[in-house]
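Next up: some structures, all given as structure tokens.
The two complexes that follow have chain A in common; it is paired with chain B in the first and with chain C in the second.
This part shows the complex of A and B:
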């Protein structure tokens, strides 16, 4: 049983949800999502945000009607012990994959923008103790990191206003120039940047009066959506669509237009501060993975953390170069899409039927 | 228990030690390039001249100037480094030049390497040079250093002069957008002094024509909203100088019965600072009419010149694309040279200084 001291107030769900959603995707999603909808792709972000809100609703419906209220219990209840634990194992691998993607992409950005000679394996040695320190003990530490992960980088949003002096508003006109199907297709790409919230399946029991926290989860998602839409719009009036084809990280490149005395480039500030949005992602996924292993298979939490961190370390070191990072991102995207929009609704339905059947039997 | 801390300690030390071996860039062990000039030579080679500041006494900056020839920019960097006392780096690059021959061949390749380099910002000034870039760099005499001198020159001409907002970011946007063509400032050496003499017009990335800078005021009004411009009106009856001009530009694209038409509405407000006639205060509306007519005349000439050259530095196609859902690129491109483009000028003179 989780003691009350280990639990966090429902308001924290806001920070947990948005900190887990805003990650490396924030730096470059604009040039990926415009593949189908072109300059209308910012509408796709709104559509994706709404879709995610619906999934959060479904997740709460599943979790509310479960005694223990986490994915391990739900899986065991719905599919029985063996199949349930097998699916939980897949979920753990998915969390690990996401943590690797985020960490590896961030390191790639450091390599490209700041230190081309950075040794990945040695740099990770600096981060791993930090991650271990955060995830090995109480959940409250993780929540603290998530809270700061929203608060610290907030001033970066202000730096994105300056590029508006170069805004060409004709670039996003005419609005709704693409078919609805194009916009929907783009929104399946946009959804990839919202994916982190699946950790809700694990931390739900750690929330005080967890049933009441649902509105904060939706607010958190709203904050992410608004932020993404604004950043998307800024990039779309700053770059023409042809330019976006060439740019890998549009948000980062917006900072190229900022000029500063002494520091010269704003990116050094920006990328360093982005660490505070990356860290919550990684620690939350790693904590969730650790906790899930601990709950499903009963191994000791700290030992699991060590083993999973070793896996994270190896996975991050062996996936090298733009190619490797791209493969990681693509596969995480595809798996995430299936997980969120196919698996979760299916789970909801099966769980619902099982519950009714069980009730009738008793 | 202690094992954990020892392990942490070892990991941190190892992580730091191995990354400490990264090649470093100590500030007094590098030379920051501030100006780079490229010119075409025979046999597909480019000659590059780079300038890096030499800090002398308090407040005085001299210049290291190196020139060499190679096939690519970074191949040339090897040659230049062979001459430089410290390693040459891009981080402070402020101005790059292309001479006219090179600009006629196309300069996209020399833009590409700058976009790729994260240490080069979007504020960088680009310019075309009439004649040799080396000669132009040598002609600058200043204590600020050539890079600062030239970027200041561009900056005040953009804010208060006839040069529209232009830098690497704007040039690159116009170059890559299929709906507009870029332009650049053009420098040349006159009386042994570097000076801004024209605006160079490009078709895609190739230089095609120029507008002398003293008549580029109309171009600037057509291109962007001017916040502090000026205009000189000359006629047989009187001459007038309008200063502190603020302008608003509004482009309207209409398709009526299959034929497209473009209207540019210019709204100007300005103050008279110089007037060779007499009694300016009584004939403001007459002056307004004359100047409006004059600006319209020049704007029409300018636009028909663009249409003749089939270039679009004003981004007219972008307006057409963004305000027309049935926009068709090929159709527009073929219609553009003969498209009727009307300019309406509305001038309001808001003052005449401290004299009547």
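This part shows the complex of A and C:
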């Protein structure tokens, strides 16, 4: 059904997973996750990374045992056609919500840092055609965007080494100063920055020898975890915990202190370059949503893309102001947590039982 | 009985044809009474080599007697002669420099002898892809000469030449070249099939083929590389790519190609790999600089002047103090002026072109700054950008580079750095979608091919390049290059 030309090598799963995870959270998650664990919150990032790795393992276990290997087939097999398609519909809405959250939060950052009077509707008119242009063609294009979305902004990570010259390592001492429960609670906040890999449920059949790609998925998650831990540590040795209460976007503030002979205010370049990190997020969610509708209900891919992008446009324009964006983020976070850590294990168990039953019958 | 009537019909038809032909410009008809009847000889004066005609054809007709045309044919020292009864194609053949001989009461009744006047340019040194070192031969307009230039460099039986005819009016000869056993069969088939599918009335240059068989005709990027160097064609054939030679065009197309290949000059292979790699990197930097510098100027000065360090800000503000336009207007105006100069220079004869350069570059430039129409910083920026775009070895790609600068300037003017990033993302996605003969155009960046990087941004020594580029999917990946390290 999916032509060989449209499939991508297993290595690309690395880029797909990490590109879908790293997003706007990168710019300011440090001052959110320390709510419970304080200066030990970087350990929570590791815990969150491990948790996500476990979920990825479960997802592979589900997908591996299905011939078609995507969520539509899994849902239909597990719950039957009607209930299955209904749950698929919910999944599509989840993807759309995630796309809206990422896009809207990024625009919010632009509004706060660069253009306070930016008109969201006008800005999106430039952006939505780009998303359509990416998702309307082959999956290869989406993967390409994800690949470049990891490779190209890589130099940004190097720029974060500079603040280390002002590092106060006593800020993170003593290590493990908080209770395990605190660290766990912080990790539920940290895990919000790892979301996005749920598109794996959709692109799995597009991977050549998809069964072998599991290790790359884990490597991708590992890359994200290491990157987050490093960024988190840099922020924690640069700012004291009390300062972090004041700072909303620690990564951006860190860029601010960068000194270069030809330019100042590096965060402007940072925000602009972050676009290449945001784009894979949105594009992958939108592609996954489009593909899911196309698979489940049989509408034409390009037409579905247009309809879903109009929904994305309207949703992004409606949610105005800091309040709206916060509500969006909170609800997406909660739904995401439920989806990843409750729904997916439950799906795994039911799917497992269904498979055994089916096997016994035959 | 039957034979006689048919011969009469042929005779009638011939008289009709003769009548028609006599009205054409430059038609010459010669009649020779002969033991067995009359021999008619006809040709168009402009297209036939008179020397050959007088030397080889006329004496044979005048001095000997033949029973039929088959016998005559055996005495004529030319190949590719044709014996036919079909009158309909005679005029077309005459246009191509054939001479026809008609003999009454015999079958077949026409003999067509090719005596075309060879009007072709001599092989000359390359003008566009000139190189200081290396071979000094360039393709000419004649397809046979061009094929010969390649063949004498690749005298192997594996060199396959597939000939096709394109153009309902021009019927231009197009040859697809590849090396069997190295080139991917699918690539060759794709090219041949696409050329066959072309529906066009005229093909006067290889650019017509380049555009009609392109994967995406609306893309500003050319998807087949054109070159005038036979040595380059030889080299890419050995890499497993294919070449398309078009009659009447001194530019030969090659594919599947990649974006990066457009920035490699063939001279790179004649220099030491370190020098060549350095030049390539410089060229790529020049291209990025050329595309991005004016949009950056617009973005930063319109929206983010905070980025500029204080010392530089003074210089910039001072130079812009008198300028009444916003940066985007200023930049578009100046870019337009440069384009105007280039276009005027390109359309005028060389000698007047130089005058234009002086008038435009120096007089207008200085005057514009002094009059306060533009800042001299922008003048420097735009001039450097123009210079950068001219370092691209392939002319068509340098046009593309100049073209894509304009949308970038406009995006940068609207949303500053963010706008610029979005515009770059558009180009990026476009490049990701683009293919050349069905193979990804953005390789080896994506799909990432480490192997192919050995001859892309840089050029490693020949003994390190022991594999053919994977991008073209060669049938035989390994190159017979001895690796010093293996010994």
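One rule holds in what follows: the second predicted complex is superposed on the first by the 359 of 362 C-alpha atoms of A that agree within 3 Å, B and C clash if a C-alpha of one lies under 4 Å from a C-alpha of the other, contacts with A are read in each partner's own complex, and residues count from 1 in each chain.
Heads up, the rule we're going with is that a contact is a pair of C-beta atoms (placed from the backbone, for glycine too) under 8 Å apart; a residue touches a chain by one contact, two chains touch by 3 or more.
In this text, all values refer to a predicted model and were calculated from it rather than measured experimentally.
In the three-chain model built by superposing on chain A, chain B and chain C fit together without any clash. In the superposition on chain A, A:265 makes contact with both chain B and chain C. In the overlay built on the shared chain, the residue A:115 is in contact with chain B and with chain C. Looking at the shared chain after the overlay, A:123 reaches both chain B and chain C.
By the document's definition of touching, of the two partners only chain B reaches A:257; chain C does not. Of the two partner chains placed by superposition, only chain B is touched by A:166; chain C is not. After the superposition on chain A, the angle chain B-chain A-chain C between C-alpha centres rounds to 100°, nearest 10. Of the two partner chains placed by the overlay, neither chain B nor chain C lies in contact with A:53. After superposing the two complexes on their shared chain, the closest approach between C-alpha atoms of chain B and chain C is 5 Å. Chain A residues 114-115, 118, 123, 126, 264-265 lie at the interface with chain B in one structure and with chain C in the other.
Residues of chain A touching chain B in their complex: 112-115, 117-119, 121-126, 128-129, 166, 168, 170-171, 173-174, 177, 239-240, 242-243, 246, 256-259, 264-265, 267.
The part of chain C that touches chain A in the complex is made up of residues 303-304, 306-309, 312, 411, 414-422, 425-426, 428-430, 432-433, 440, 442, 445-448. Interface residues of chain B, counted against chain A in their complex, comprise 8, 11-12, 14-19, 22-23, 91-92, 115, 118-123, 169-170, 172-173, 176-179, 315, 318-319, 321-325. Of all residues in chain A, those touching chain C in their complex are 8-9, 110, 114-115, 118, 123, 126-127, 130, 133-134, 137-138, 140-141, 143-145, 147-148, 261-265, 268-269, 271-273, 275-276, 279.
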